[in-house]
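By letter and in written order, the chains are A, B, C, D, E and F; residue numbering begins at 1 in each of them.
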Amino acid sequence: MVDVSDKQETKRTAVAFSQVQMPREVLDQIEQGKVKKGDVLAVAQVAGVMAAKNTPQWIPMCHPLPLTGIDIRFEPVREGKQAVIKIYAEVKTTGKTGVEMEALTAAQAAALTIYDMCKALDKGMVIGPTYLLKKTGGKSGDFKREER
Amino acid sequence: MVDVSDKQETKRTAVAFSQVQMPREVLDQIEQGKVKKGDVLAVAQVAGVMAAKNTPQWIPMCHPLPLTGIDIRFEPVREGKQAVIKIYAEVKTTGKTGVEMEALTAAQAAALTIYDMCKALDKGMVIGPTYLLKKTGGKSGDFKREER
Amino acid sequence: MVDVSDKQETKRTAVAFSQVQMPREVLDQIEQGKVKKGDVLAVAQVAGVMAAKNTPQWIPMCHPLPLTGIDIRFEPVREGKQAVIKIYAEVKTTGKTGVEMEALTAAQAAALTIYDMCKALDKGMVIGPTYLLKKTGGKSGDFKREER
Amino acid sequence: MVDVSDKQETKRTAVAFSQVQMPREVLDQIEQGKVKKGDVLAVAQVAGVMAAKNTPQWIPMCHPLPLTGIDIRFEPVREGKQAVIKIYAEVKTTGKTGVEMEALTAAQAAALTIYDMCKALDKGMVIGPTYLLKKTGGKSGDFKREER
Amino acid sequence: MVDVSDKQETKRTAVAFSQVQMPREVLDQIEQGKVKKGDVLAVAQVAGVMAAKNTPQWIPMCHPLPLTGIDIRFEPVREGKQAVIKIYAEVKTTGKTGVEMEALTAAQAAALTIYDMCKALDKGMVIGPTYLLKKTGGKSGDFKREER
Amino acid sequence: MVDVSDKQETKRTAVAFSQVQMPREVLDQIEQGKVKKGDVLAVAQVAGVMAAKNTPQWIPMCHPLPLTGIDIRFEPVREGKQAVIKIYAEVKTTGKTGVEMEALTAAQAAALTIYDMCKALDKGMVIGPTYLLKKTGGKSGDFKREER
C-alpha cells in the first residue's frame, strides 16, 4: 500500500456514476413496491453506504479513511420498452488520500443490489458503464469528467 | 431475505463478465510491471476471490453459501489507442441458491481494483458493462446470455 | 466453541422479540418519512438481516450456520404520549445448532438502528426488553415463551 | 449517511447500560466458573469491545470513528430467586460525531454473549432495558439520563 | 480458489501448535492477573476462536467451511529466567476441504493476542515456531508431525 | 481497551519479521510459478496488507488506526536442501498508539498464506520465529531488536 504518511490532510470529495439497465416492467415493479425481496432502492442505498465504509476491505491497496459523508441518489429513466436507474454516489472525507474508490465502490454495490433484488424478474440486466464523475481536493488537483 | 429452506441443494455455477476500458499506455504499463502500486492483475484476482466469498456482506439480501470454486480470468485487448481488460469470473457451489451475485461481485471487485491500481495514470477509465454470462443449476433452470 | 460435530443437521427456526420505546412524536416522524437520516424501518430491516448473517462475528462462541431465511417485522403501537416499535425477527436454517442467537442479534441490530436514526430527536429512547419468543428443531426440543 | 464534514473534532464520551435477567442459579454457575462454554464475563467483555470497534458495520448510517477507549464493566445483583447482571459500556473518541451508538452496541453485544453462553441453562433470560446513561462532547451538548 | 466441487464431505480435524517465548516475570504477571490490559489467556482464547471462524477472510485462497468445533488450550512452561506459553488449537468440521489453515490461524491469532496484551512489559517476545501437529480426514490422508 | 484519549498523535513506524521454512523444492516451485493455487508471493503480499488494515479485528484489545503505509517484502534464502522465505512487514501511521501489532499481524498473515498455497506440496513447513524488529515514535520511545 503506497506510503501517504507525508501527505497533507485535506477535504476531499468524489462523485461516481453507475447505472442498471432493465426492461421497463422491472422499473415499474420497483416503483410500485411489488418486488418480492423488498424495497429495492432503500436496500440498495444502504448497500452503497455500507460498501463505501468498507472500501478498504474490497480494494486491497486502498487506504482506510474516516468518511464524513456518503450520499447515494437514484434517478430512474424510461426509454421506450427499456429503462435505466442512474446511480450517483458522493463521498466526503478529510484525509490524506482521495475517496474516488469509495464513491465507485458505493455505486457498484448499489448497482449489484438492484440486480440482486430484481434478478428473479430478469437475469439479463446490465450494470454500467461505471465511472468517476468528479473529485476535489488533494495534491493531484480536481478532476471533472468531460462530456463525450 | 427470501426463505429458501425448502429448496434442494444442487450444484450451481455462474459466470459473470465485466471490463475496464483504458488508454493503451495504461495496459502497456500493467503488462510491463511498471505500475507503482504493484502487480495489477495478481492483486485484482485476489480482490475478486475475496469479494466472491464476502458477497453476503456486500449484498444485503444475498444468502450465505459455502463456495467450492472461484476462478477469475483476465483477457487484455488492444484497439487502436484504446485497450480493454475483459474480466471473467466463474463461481461454483453446492447450495440452495445460485451464485450469480457471487460471480458479478467478484467481477466488479476485480474491475474496481484494476481502476484503483491504475488511477494515478488515468482517472477517466470506465468499468463495465457488467453482466451475467451464464448460470447452471437450480429450479429456475439454466441461463445463457444471448449475443446482441 | 462447543463441539457439535456429531449433531444431526435438522431444520431449525427461532423467533426473537425486541422493541424501542419512544415519544409518540418520534414514531409520527418515522411514519411520515420526516427523519433526516432516511427511511428508518427500511434501514433497520437491512441492519437486522445483515446482523443475523454476521452473528458468529458478534458472538464469539456462536457457530457459523448457512441461514436459509431471515424475516424482520415491525409493529408500531401508540399508548398516550408514548409509542413503541415492536420488532419480531425470525431466522431459519438447516444445521447442527439452533438459530436463537441469530434471531436475537437481528432484533437487537434492528433496535439499535432505529435508535441511531432517531437519536437526534430523542436520546432517551429505551431498547428492550429483548427475548426469545420461540424456537423449533434440535435435540433440546422446542421452546415457547410463556405469557407472564 | 449524514454529512459531518464541517463538524469540529472534539473529545467525546458515552456510557450505555444494559442488563441480563436470569435465574439466581445461572449467576451462581457463571461466578463459579461452571458454565461449559467458558468464562462468561471474560468472553462477554471481549465481545463488547469488538462490537464497539465494529459499530459502523452493525449500524448502517453510523460514521466510522477511531475509538480511543472502551471499558465494559459487569455488576451482578441477586434479588431472591432472580439475578441480574448489569452492564456498563463506556466509549471514548476524539471525532466529529458522538459515540452513543458505540456504547449501546457494546452493551448489547456483551448482553447477547452472556445469553449465548448460558442459554443451555435457561432460554428464558431477558436482555434489557438498554439505554444511554450519559454522553459528553459535541455541539448538541451533554446528555444525562434522568432518574425515573 | 481451487475447485473442490467434486470432493466428498468428510469429517476433518486439525491441530496446530504455536508458542510465545517471554521473560519469566511476564508469565508470572499473566498468571497473577496483573496485566493491565485484562485476562490475557481468556482474551487470547476468544481471539483464536474468532480467527478460526474468519480464516477465509485472512487467507485469500482458503475455502469457507462451517466449523463444528474449535478448542484452544494453553500450556505455560518455565525454564530458568525464561518462560513459554505453548498454544494448541484444534479445529473440526464436516466439509470438502481440510481445516489445517483454520487451526494454524487460530494458533497465530492467540499468539499475537498474548503478545499484544503483554507488549508493554516486553517488546522482545518471540512468537513461534508455528506448525501443523496433525490432521485427519480427506482424500490426501492423515498427517502427523514427526518428532525431530 | 486501554484508554489512549490523552496521548499525542505522532508519526509511528514498526517493522516485524517472520519466515516460512520449507524444502528447497517448494521454493523452486514458487519461484518457477508452478504452484497450482497461483502466484504465491503476490497473494501473500495482498494477504499481509489486508491483515494489517484488519488488525483490530484479529486482536481484540488493539486500537483502530488509519494506516498510511504498508510494505511487505520477501527474501528467499536457500540452505542446502532447505530453504526459507524471510518476510519483512513495515507499517506506518500517524496516531495515538503504535503499529507493532499491525506489522506482526501482516507478517503472520503473509506467512500463513505462503503455507496455505504450498501445503499440497509439504504440510511440514514451519512458520516463525516471528518478532518485532523495530519501532519508532510514541512516548515509550524507539525499540530495536538486539542481535542475539
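Assume a contact is a pair of C-beta atoms (placed from the backbone, for glycine too) under 8 Å apart; a residue touches a chain by one contact, two chains touch by 3 or more.
These are the chains along with the protein names UniProt gives them: A, B, C, D, E, F = cyclic pyranopterin monophosphate synthase.
These numbers come from a predicted model, not from an experiment.
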Which chains make contact with chain A and with chain F at once? B, D
Specify the angle of rotation obtained when superposing chain B on chain D by their C-alpha atoms, rounded to a multiple of 5 degrees. 180
Since chain D and chain E are copies that touch, just let me know if over half of their interface numbering is common to both, same, or not, different. same
Centre distance in Å when chain C and chain E are each reduced to the mean of their C-alpha atoms: 33
Whole-Å distance, chain C centre to chain F centre, using C-alpha means? 39
State, to the nearest whole Å, the distance from the C-alpha centre of chain A to the C-alpha centre of chain B. 17
Provide the list of chain A residues touching at least two other chains, using ranges where the numbers run on. 2, 38, 43, 46-47, 50, 54, 57, 60-61, 66
Touching pairs of chains, all of them, please. A-B, A-C, A-D, A-F, B-C, B-E, B-F, C-D, C-E, D-E, D-F, E-F
Where on chain C is chain A touching in the complex? 38-39, 42-43, 45-47, 50
The chain E residues in contact with chain F across the complex are 2, 18, 36-38, 43, 46-47, 50-51, 54, 57-62, 100-101, 104-105, 108-109, 111-113, 115-117, 119-120, 123-132, 135, 140, 143, 145-146
The chain F residues in contact with chain D across the complex are 1-5, 7, 56-57, 60-61, 63-66, 95-96
Touching residues of chain F toward chain A in the complex: what are they? 11, 46, 49-50, 52-54, 66-71, 92-94
